[in-house]
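Presented sequentially are two complexes of chain A, the first with chain B as partner and the second with chain C.
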Partner chain A sequence: MSIANKLQTLPKTAIYGILILCTSLPLFFQIPLPNNPDQASKDFFREMMTLDASKPVLLSSDWTNSTRGESKGQMKSVLRMFMRRGQKFVLYSTADPQAPQVALDVIAEVNRERIKKNQEPYKRFEDYVVLGFFPNAEAAINGLANDFKATVKGRKDFPVGKEATDVFQSPVLKDVDSIKDFQMVVVVTASKTSNFTVERVYGKTKLAFAVTGVMGPETKVYYQSKQLVGFVNGLKGAFDIEQLMEKGLNVDSSASFRDDTHPAPVEGFKGDDNVGQGTRYFPTLHFAMALMIIMVILGNVGMVLAKKDSSKKELGGR
Partner chain B sequence: MSYPFIKALVGVLATVGLYSVLYKENKFYRFFEHVFLGLATGWTIFVLWAEVLKPSWYEKMMGTPSVNGGPATDGQWAYILLLPLGLMAYFVFSKKHNWMSRIPIGIILGLWSGQQVQVWFNTYGPQIKGAMKPILPSAFSSFTVPANASAVDVYPSQALSNLLYIVTLLSVLSYFLFSFEVKNKAIIKFNMLGRYLLMIGFGAIFGSTVMTRFTLLIDRMYFIWIEFFQQQVLGRG
Partner chain C sequence: MFNLLPIAFWSDPAGSSALTGKIVFGLLLGVGLLFALTKVPTQMRRSIVFGGTFLSGLFYVLFYLWPQPITRGPNDVPRDAVEGVAFWLKDSFSVVVNFTQIISGFMLGLGVYSLLRIHLTRIAKGHKDAFFSFVLLGSMVAMAFFAYGDYILRLDPVKAQELENPDKWGPLTRGRDLLFDGLLQQMDAAMFSIIAFFILSAAYRAFRVRSVEATILLATALLVILSLMGLVADRVDGFFGGLVANDPNDFFENFKLTTLRNFIGDNLQTPSINGITLGTGIGALAMGLRIWLGLEKGSGN
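Coming up: the complex of A and B.
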C-alpha cells in the first residue's frame, strides 16, 4: 500500500484512541493560557456585576447533562455571581423536563462551596424560587412575557422544611406583576429557547444569554443588533467569565481585561473559587483541535499524493 | 462502597457503554441506550403531571386547600372542557375520525399565526436597523478608534469594517435573487462573492460545532478520570 493510500485510510479506532489520549492526559495538568476575553463576554460580565441586588432576575436554565461540558461551567459562573452579590433570582425551564433538576444540582454544588467557606447557603423560596418546567417553549415564553402572573399561577415551590407553597408567597416574587419587574432575563441554553426569548421578550426587559458553541454564530447576530446586552459563547465564553471573575474589568493595567467603551472599573472576586469547567477544559480543547488540524492536513496530503500517483500511472500507460 | 462511589461507577459504565458504539454496534451499547431512553421517558411523564398538568389544570379544576397560610382556591368546573379538546388531537391516528384532530391543531395554528407579525418585527426589526451603518469616516485624528472616542465619530478603521459588513450583506442577499434570471455580468460576479462569503460563514459555524462536540467529549473524560478515578477511587481532591 502506498503512503498516499495509508494516509487516507488510517484506522478509525486508532484515531479515536489518539483523540481519547488528547482529551484525557492534559486534564491531569494545570496549563496556564493567555486570554483576551470577547467583547460580548465583557459586556455580559459587566451587566451581571452591576445588577441592582434588590430587584429579582429571571433565570432560564434550558440545558441538561448532554451539554454539561459547556453549559455547566456557564451556569456555575452565573450562580456564583448571583449568590456572592446577594442577587435574588427566579428559575424556570422550557426546553427539557430534566433541566430544572440539573439546575438544582448546580445550585446545590455552589451552596456546598459557600458552606465550606462558612457562608450562608442560598435558601430556596427566600433567596430564589423554582417555577419548574413549562412545556411548549414558544407558548410558555409568550405567556411569561405577556401575562407573567397568569402563566405562573398555581405553581408551587418548596420552602426549606415546609410543604409545597404557592410561589407568589415567596419574598422573591412579592413585587413582581409582569416580566418588566425583572431587571434582566438571563438564559443559559443549549436549545432554541434563546430565539423564542428574543422573539417574545425583547423590548420588555434586558436580555443576556449563555449559549453553546454551536449556537454562538446565530446568537452573535442578536448581540450585534443590541437585542442582547451581552452573551457568553461556548467553552471560550465560560473561560472568559471565569477569568473576568478573577481579574475584574478595567481594574488592573492588563490591556486584555480593559474595556474602553465602558471605562468604569468592575471588580471581580479575586482569590475566590472562580475556576470551573472553562479554565479546566479550555487548554485540553487546544490539544483536540491540534489533532483535528493534523488529521485534516494528513488526509489532504494523502489526497494530493494519490492524485499525483494516478496521473503518473495515466502518463505511463500512454 | 459508598453511595457517591456507586453513582459515579454507574455513570462511568454508562459513558463507556455509550461510547463503545464507536468501535461497533454491540449489546452493551444497546443496553445503556435503552436504560437512558427509559429513564428520560419516565422522568418526563412524572414532570408533565407534577409540574404541568396538576398545577395548571387538575388543581384549577378541583380547587386547593390553604397551605402555609396561603389562600384556598375554588375549583372551576369549566377546565374539564379542555380534556376532550386535548384528546381530539389523538384522533390523528384514526383514518375514520382524523378530522377531529384538526380542531385543536387549527386553534393552535390560529393563535400562532396571529402572533407572527410582532414576532417577526421583534426578531428582525433591530437587525435591519443595526444594518444601517455609516461607510464614510467622519474623524481622521487616528486610523483606529482611540480610547476616549465619541460615540458619534466614525474612524477610518470603523468605516472599513462597516463597508465590509455592507458588501457582505448585499452580496449574500443578491445570491438569493431566484425570482428572475440574472444576466448582468457584474451582478453575477457579485452573487459569486456572496456565495464565497456564505461558505466562509458556514466554515466558521462548522468550526464552532466541532469545538462544542470536542468539549462534550472532554467533559466525559473529566468525569471518568478526575471525578471518578481521581476523586472516588484514589480519594484525592
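Coming up: the complex of A and C.
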C-alpha cells in the first residue's frame, strides 16, 4: 500500500485511541492557557455582577449530564456569582424531567464549597425557590411571560425543615407578580428553550444565556440584535467566565480583560474558588481541536499524493 | 366563566378525599371521552379533530391579535364587547397554559403505556430480544420505585434534613443515588461523548479539498477552530498586535485571529442564520396555517 493510501485509510481504532489519549491526558495536568474572553462573555459577566441583590432573578436550567462538559461549568459559575453576591433566584426547568435534579445537585455542590469555607449555605425557599419541571416548554415559557402568577399558582417547594409550602409564601417571590418583577432571566440550556425565551420574554425583562457550543451561532443572532445583554458560549464561554471571576473586568492592565465599550471596573472574586470545569477542560478542547486539524491535513495530503500518483501512472501509460 | 370554573372545582385542599375523588372522576371522564371518540363514525372524526384544532389555535391567535387594554385594575369591568373579549382572553390564558401542561404530562404517561405494551408483548411471546425488553422494563420499574420511595421519605421535613447527610441514607436513597446519579447520569454523558469519535472520524474521511467550495469551507472552519484555541490565538494576535502598535485601524489588525473570527461570525454566519431562520419561520407559519385551517392533506383522518 502506498503512503497516499495509508494516509487516507488510517484504521478507526487508531484514530479513536489517539482521541482518547488526547482528551484524557490533559485532565491529569494543570496546563495554564492564555485567554482573550469574548465580548459576549464580558457583557454576561458585567450584567451578572451588577445585578441588584434585592430583586430576584429567574434561572432556567435546561440541561442534563449529556452536556455537563459545558453546561455544568457554566451553571456552577452562575450559582457561585449568585451566592457570593447574595442574589436570590427562582429555578425552573422546561426541557427535560431530569433537569431540576441535575440543577439541584450543582446547587448542593456549590453549597458544600461554601460550608467548607465556613460560609452560610444557600437555603432552599429562603434564598432560592425551585418551581420544578414544566412539561411543555413553549406553553410554560409563554405562560411565565404573560401571566407568571397564574402559571406558577399551586406549585410548592420544600423549605428546610418544614413541609411543602406554596412558593408564593417564600421571601424570594413575595414581591413578584409578573415576569417584569425579575430583573433578569438567565437561561442555562442545551436545547431550544433559549429560542422560546427570546420569543416570549424579550421586552419584559433582561435576558442572558449560557448555551452549548453548537448553539453559539444561533444565540449570537439574538446577542447581535441586542435582545440578549450577554451570553456564554460553550466550554470557551465557561473558561471565559471563570477567568473573569478571577481577574475582573477593567481591573488590571491586561488588554484581554479590558472592555473599552464599558470602561467602569467590575471586580471579580480574586483568590476565591473560581476555577471549575471551564479551566480544567479547556486544554482538553485544545488537544481535541489540534488533533482534528492534524487528521484533516493528513487526509488531504494523502488525497493530493494519490492524485499525483494516478496522474503519473496515466502519463506513463500513454 | 371559563377561567373561574377550574378554580372553583379544583380548589379543595391537596391530599383531601374530595380532591382525590374529583381527580378520579376527571380521569374516568377523560378515558370515557377518549373511548367514545374511538366509536365515532369515520366521517365525523375529521370534523371533530378539525374543530378541536381550530378552537385551540384560535385562542392563541386571538390572544396575540385581539386589542388588549393598556392598563387594567383588579376591579375593572369591560366597557364594551371588544374589551370584554380582551378581558376573557387574558383571564383564560393561564387555564389554557395549564391545560397544555396537563396534556403534555399525559403524553409522558402515553409513552410509558406504549413502552409497556410493546415490551411486555415481546417478553410474553419470547421474542429473540426479550432479554433487552426485560432489562428496559426492570430498569424503569426500579428507577420509579427508588425515586418515588426517596421522594416520599423527603416529604417528612425532619427526614429530609437528615438525608442531606449521605451517612444517614437508607436503602431507598442509596438505590436512587446509584440508579440516577451513578448510572443514568453517567450513561447520559457517555452516550453524548461518543459524538466526538464520530465527528473526528467523519472530519478525517470526508473533509477533503475536492472543490473550491469545500476549500473555502475548510479554510473558514480552520480559522474559527484556531481562534478558539487560546494559545494559538494569543500567539497570532500577539504577533500582529506587535505590528499594529496599538492602532486599531492598522491594516494588520485584520489578520488577528479574533478579528477574523468576529468578521466571519458577524458578517457571514449571523446573516446566513437569519436567512435560514426567516425561511423556516415562514415555512412553519404556512404549515401552522394549513394544520389550523384543516387544509393539510390527511388532517383529521
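Assorted remarks:
Just so we're on the same page, the second predicted complex is superposed on the first by the 318 of 318 C-alpha atoms of A that agree within 3 Å, B and C clash if a C-alpha of one lies under 4 Å from a C-alpha of the other, contacts with A are read in each partner's own complex, and residues count from 1 in each chain.
One rule holds in what follows: a contact is a pair of C-beta atoms (placed from the backbone, for glycine too) under 8 Å apart; a residue touches a chain by one contact, two chains touch by 3 or more.
All values reported here derive from a predicted model rather than from experimental measurement.
Applying the stated clash criterion after superposition on chain A shows that chain B and chain C collide. Once the two complexes are laid over each other on the shared chain, residue contacts for A:296 go to chain C alone; chain B is not touched.
Of the two partner chains placed by the overlay, chain B and chain C both lie in contact with A:67. Contacts of A:33 after superposition on the shared chain: chain C is touched, whereas chain B is not. When the shared chain is aligned, no partner comes close enough to touch A:262: not chain B, not chain C.
Of the two partner chains placed by superposition, only chain C is touched by A:147; chain B is not.
Using the contact criterion defined above for the overlaid structures, shared-chain residue A:162 touches chain B and also reaches chain C. Judged by the touch definition given at the top, the superposed model places A:55 against neither chain B nor chain C.
Of the two partner chains placed by superposition, only chain C is touched by A:102; chain B is not. By the document's definition of touching, of the two partners only chain C reaches A:10; chain B does not. Only one of the chain B stretches 56-64, 146-154 or 218-226 carries C-alpha atoms that clash with chain C in the superposed arrangement, namely 56-64. Touched by chain B in one complex and by chain C in the other are residues 12, 16, 19, 23, 66-69, 97-98, 134-135, 142, 159, 162-164, 217, 221, 224, 236, 285, 288-289, 292 of chain A.
Taken in their complex, chain A has these residues touching chain B: 12-13, 16, 19-20, 23-24, 27-28, 66-70, 72, 97-98, 100, 132-135, 138, 142, 154-156, 159, 162-166, 169, 195, 198-200, 202-203, 212-214, 216-217, 221-222, 224-227, 233-236, 260, 263, 277, 280-281, 284-285, 288-289, 292. Chain B contributes residues 22-23, 40, 43-44, 47-48, 51-52, 55-56, 59-60, 67-71, 112, 115, 119, 122-123, 126-127, 129-131, 145, 147-149, 201, 204-205, 208-212, 214-222, 224-226 to its touches with chain A in the complex.
Within the complex, the chain A residues that touch chain C are 10, 12, 15-16, 19, 23, 33-36, 64-69, 97-98, 101-102, 105, 134-136, 139-140, 142-143, 146-147, 150-151, 153, 158-164, 217-218, 220-221, 224, 236, 239, 282, 285-286, 288-293, 295-296, 298-300, 303.
On the chain C side of its complex with chain A, the touching residues are 90, 93-94, 97-98, 100-101, 103-105, 107-108, 154-155, 157-158, 160-161, 180-181, 184-186, 188-189, 191-193, 196-197, 199-201, 203-205, 207-210, 218, 222, 225-226, 228-231, 233-234, 237, 258, 265-266, 269-270, 273-274, 277.
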